[in-house]
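Okay, so chain A shows up in both of these, paired with chain B first and chain C after.
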Partner chain A sequence: MSEDRGILRSIWDGKIPVCFTLSQDEIIAEKPEPIYQMVPRITYFPLVTEKISKHLAQYIDKEKQGEMWLECDGVPIKWHYPIGVLYDLLGSSGSLPWKLTVHFQDFPDDEIMHCLSRDVVESHFMSTLKEADALKHRCNVINGMQKKDHKQMWTGLCHDKFDQFWPINKRLMEHTGDDLFKYIPFRIYQNDLPFIQKLFKPQSEEGHEHTLDDLLKFAVPELMESTDNTIFIHGIEVPLHSPLLWLSEHFSYPDNFLHICITQISTQESSKEW
Partner chain B sequence: MMDTIPGMDWKKLISQRLKTRYKREYSDFIDLIDTQNNLFEQVASLKARNVQLTYETEKLKSENLSLQVRVDSGSESSGGGGSNERVKQLEQKVYRLQEELTELHKRRGENAQQIIDLSNAMKEKEKELQTKDGKLMDALALENSLKAEIKHLESTVFELEATNQTLKDEHQALQMAFTALEEKYRKVQEDNSELMARWLDLKLKEADKMNQENDRFFKQKQESLKRDLAEAAKEHKDIIPQEENSVLLKGVTPICLSATLPTKAQCKVDAHDGEVNAILWSPTGSLFATGGSDRKVKLWDYNGGMCNSRGTLLGSNAGITALEFDPHEELLLGASNDYASRLWSVRDQRLRHTLTGHSGKVLSAKFLGDATKVVSGSHDRTLKIWDLHSKACSKTIFAGSSCNDLVTLHGTSIISGHFDKRVRFWDPRADNTVNEIGLHGRITSLDISPDKASLLACTREDTLKVIDLRMNQVIHTLCADSFKVAFDWSRAVYSPDGSYAMAGSLDGTLYIWNIQKEKVERTLKEHTHSILDCSWHPSGSVILSSEKQKKIVLWADM
Partner chain C sequence: MSLGVISEEECFGFMEDFVQRSKKSSEPWDLMEHGGKLYIYLKSWKVLSNQKDHSKVSDNSSDRISEPVETETDHTICSDEFSNACILFEYYVIYSESYSVPVLYFNVYNSNGGLVSLSDVWDLVPAHYKERLEENRWTFITQSEHPYLGRPYYQLHPCHTATLMKDVTSMTSSNACSNYLLSWLSAVGPVVLLSLPLTLASDT
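Right, the complex of A and B next:
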């Protein structure tokens, strides 16, 4: 079990170097230096960009300053996805550090949601957490928790405190005896398509444990036929024969969802290998 | 790098790959990024330091400048021998003061700005105040007007109250008057009922009296009858010689060959209360009738110079204006002021018919031909012909003027004398006048001569006219100096032989003219009041005249 804990820890500690650059169009005078920062994969952008926003806001026209939003190669960043998912989807094809452009103007209302404060992120996180528990335990566990437990999980995530977060999260991940999870909470992302979410039991009717392969064949059978797709969870390719229940327990993001990213192997990458 | 190594434990594979990821994404960059962050922070701090230092330099520079200035001034004032420390102190002071000055300047500027702002604000406030003042003025004006209105309304209310009070008072007064009147009314009613009772009482008494009167009358009659019978039985033998001498034969119309003019008033009787409008001998001359304004018609017996009342004919509701016997002396026709004509039976003295239909007083009524038709002339300017069988009006002639008298001729034509000074001739079968003659005065009476050839008309111009009926023109005019026609219904008559005309005057004198000679043959003066009517006895020797005051006079020479 110490090995599993090591895996949990290393997933929690996963960080990506990000380079924030102010959008060229919005600079009014002196061009600011780009800011580099290591951001945890498991957290959300609004929780880490406060300092950057404050710094870069000095260089723009105050009158035109709107809500800050991020952009990667012309695609607006959806802040409500965990950063790791976003990177695996949008940035993994490029080189590190991940380059993001910071905007303060022309907020794309029709593509991303507004995020005016941390409370919005918190309510989003908690609702996802509840959804996951509804799938796993029909909300029994999360509803049994106290308000301060919820708060502790949230502050643990905010301050990147593994020891604060996991003792509570452990209760959500537990399954007593034969009572397995009702369904595996998962979401499958493909490039810019909406994510796929379906009901999938951890065990087949015959009692066999489902593997990742079974899930993917159930959820996205057409993608499994081609071989130029890469399946990423937390930035790594997980062996397809890994049992799904274990993955759900260990490889889920803090919101208890298994976020699976499927990307096409870009020509750029393959040429690099070649 | 597909998962193609089946023997390899998936967990180990995962941790291996996580390590690879750690290396790729984290350890390769963490130092670099840390360093960058450190550098970034250092740059920031150095920038801040730089700014601070620049400021300090500036400060020192200015300090230096001020010191130099002070050194210069100090060397001038104290010969430059002042202690350096003091100079420095002073310089510092100067510097401080200068700073203070600049500070003050700045403050002054701010103050000035503030003043400007304040003055602007004040101006605004003043403006506001002005608008407020204006509003206040408006409000005051409004208030004044409202006050005035209130005052006006109050006065109106006061007036209305006063009016109300007066109306109330009036109402009270009227109420009081009403109660008083009611009281009065009640009293009057009481009086009325009392009077009614009295009246009934009197009526009863009157009826009793009447009965007594009737009884008395009946007794009288009985007595007279007895007397007559006794007389008749007594004078049985003297009938024949008496018969030869007497001009008065019962039931025979006497024939007058020549009229003799009486000279004496043989008898004077009070016939009626008030005017005696009509007096007429019966065709046989055995009795005569009088009609007065006391509503009564009286029958009188003429018996050898004595006038005895034979009976009273009642029934008229107003004064009698004219009388007429039928040729057989059975009926007496009387015209009355109560718009009606009446027929009495002479024998039993009963009222037979009442002919109503005129809308004015009836001034004359005559039999037309035999005793089945009657013609009457009225003040309502019509003549009516009545049929006595049906007792109804059979014809109405619109004469156009009030008819004062009328006569009938040959039983077929009617001659009427009118208020408009005309004599009109009518044929009852035709509607229009057959002829008419205009005279100079209102016609008061008409009479036909015994030979039916001429007409005697009495007019208000105090003359009598004799009109020839065949030529329809006046052939004689009779007048006298003191002869004055008294009334519109004064009558003039022919003597039975047709040679004399007689009429009464205003002063009570009876005038008799010789028609042929057109001069007064005799005047008879016995009446003291105006004569209304006169009648010549069929035998031609006795005359009756009636006057305004109760009396009738019988003139005879026996």
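Right, the complex of A and C next:
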């Protein structure tokens, strides 16, 4: 897979311009300017919003200050999804930068998970990574690694260091000869619905390589019958005939899952008009 | 089953058996279905006997392995005396295809319906478990997304379940009434105040 290093690098470098605005209802006196930031698609919001939180918290009532959370057009942001997934689901390419509202009150704990420290993000990331390896290699690779390898992956992600992250990640992406991944770790997201995750092998029983189309027809057959859906991975409309194993190796997020977003074309167009 | 893992089909069978057994107990579990997948569910009120000592918790059954301090028989109404210390547990057992084991999801609500935070959940964990789990605090109980509801629930992480059950299943395999779920839940449940009535394990 080394010849495709350029692709891995491009995926890693994907960024989204975001405009963070403090919620109007929580400002006590002077209104702060919105904050603009380029954020990596592959990371998680709590890893990039620490400074923003500190800055905007100066403009609110200290006594009412609770845990910070983000909102997009009335929808609380699930920080435990990679930023790129959230944007592909909730954002719209017609209106960049992506506008998010910052809140410090009324944390919607029935909708989103708490995140009071980086440890929570690390534990979430490591457990997703572990689950991916359970699907690919029955946890054999991740359990065979040393703690410092896990740490190196985590700090590579935190500090946006491709060269720190990938040498270790490569081992999780390896398979030898006929011994392919047991299953492809994937999750399919649609607006408002829990994500879909099932067991799906990289090859058919007859030994044919599965494509993205095969996966979608298996996991969401009803959606594949309609033609007004767009399928995004990392903001890219991936050709349906792409080999699934190759996608898993190159288009997975750092947590080793292929996060696939399905949006309806009609809702995208109406959001563009805004 | 020798590796401590079970197939989805086996798990659904154990769920049906488990729910059947629990029907005779004071806290019957419900068998539910989501998109063709079976799972089991229990709603359980508990009364904290002393707010400062959360490890002493009573529930509405007297026949427990842990030692209940008070007995609360009313499921829905708590007396004023206990109103601040009356909490609701919701437990779900869902099969994980990734790990080939069942997973326990739960939420804890205070008497006002507010979600109890993870650090307060840790305060509820009986002291003798807490000591042992302290090292894995960030990985043993975590918040995660409920696979069917899409909302936050606490989860006992499934990555150690197979290792635990490898030993348990090899010991009980000759026992005709053994139910994987029963063995597993009676081992890990008490950590999060889920103590199974002894009657569940009896054959009749």
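Quick note on the criterion: the second predicted complex is superposed on the first by the 262 of 274 C-alpha atoms of A that agree within 3 Å, B and C clash if a C-alpha of one lies under 4 Å from a C-alpha of the other, contacts with A are read in each partner's own complex, and residues count from 1 in each chain.
One rule holds in what follows: a contact is a pair of C-beta atoms (placed from the backbone, for glycine too) under 8 Å apart; a residue touches a chain by one contact, two chains touch by 3 or more.
Quantities reported herein were computed from a predicted structural model and do not represent experimental measurements.
Q: So in the superposed three-chain picture, is A:Glu111 touching just chain B, just chain C, both, or none of them (first/second/both/neither)?
A: After superposition on chain A, A:Glu111 lies in contact with chain C alone.
Q: Name the contact category of A:Pro194: first (chain B only), second (chain C only), both, or neither.
A: It touches chain C, and chain B stays clear.
Q: Once the shared chain is lined up, is A:Leu96 touching chain B (first), chain C (second), both, or neither of them?
A: Touch partner of A:Leu96: chain B, not chain C.
Q: Touch test for A:Glu237: chain B only (first), chain C only (second), both, or neither?
A: A:Glu237: touches chain B, not chain C.
Q: Applying the document's definition of touch, where does A:Lys217 land relative to chain B and chain C: first, second, both, or neither?
A: In the superposition, A:Lys217 touches no partner, neither chain B nor chain C.
Q: Give one of first, second, both or neither to describe whether A:Lys130 is in contact with chain B, with chain C, with both, or with none.
A: It touches chain C, and chain B stays clear.
Q: Taking the superposition on A as described, I'd like to know which of chain B and chain C A:Gln37 touches: first, second, both or neither.
A: first
Q: In the superposed arrangement, which partner chain does A:Ser10 touch: chain B (first), chain C (second), both, or neither?
A: Once the two structures are laid over each other on A, A:Ser10 reaches chain B alone.
Q: Within their complex, state which residues of chain B touch chain A.
A: My answer: residues 1-3, 6, 8, 10-11, 13-15, 17-22, 24-26, 28-30, 32-33, 36-37, 40.
Q: What does chain A use to touch chain B in their complex?
A: Those residues of chain A that touch chain B are 3-4, 6-7, 10-11, 13-17, 33, 35-38, 96-97, 227, 234-242.
Q: Could you please specify the touching residues of chain C with respect to chain A in the complex?
A: 97-99, 115, 117-118, 138-139, 142-152, 157, 159
Q: Quick one: which bits of chain A touch chain C in the complex? Just the residue numbers, please.
A: 78, 80, 109-114, 119-120, 122-124, 126-127, 130-131, 134-135, 139, 185, 193-195, 197-199
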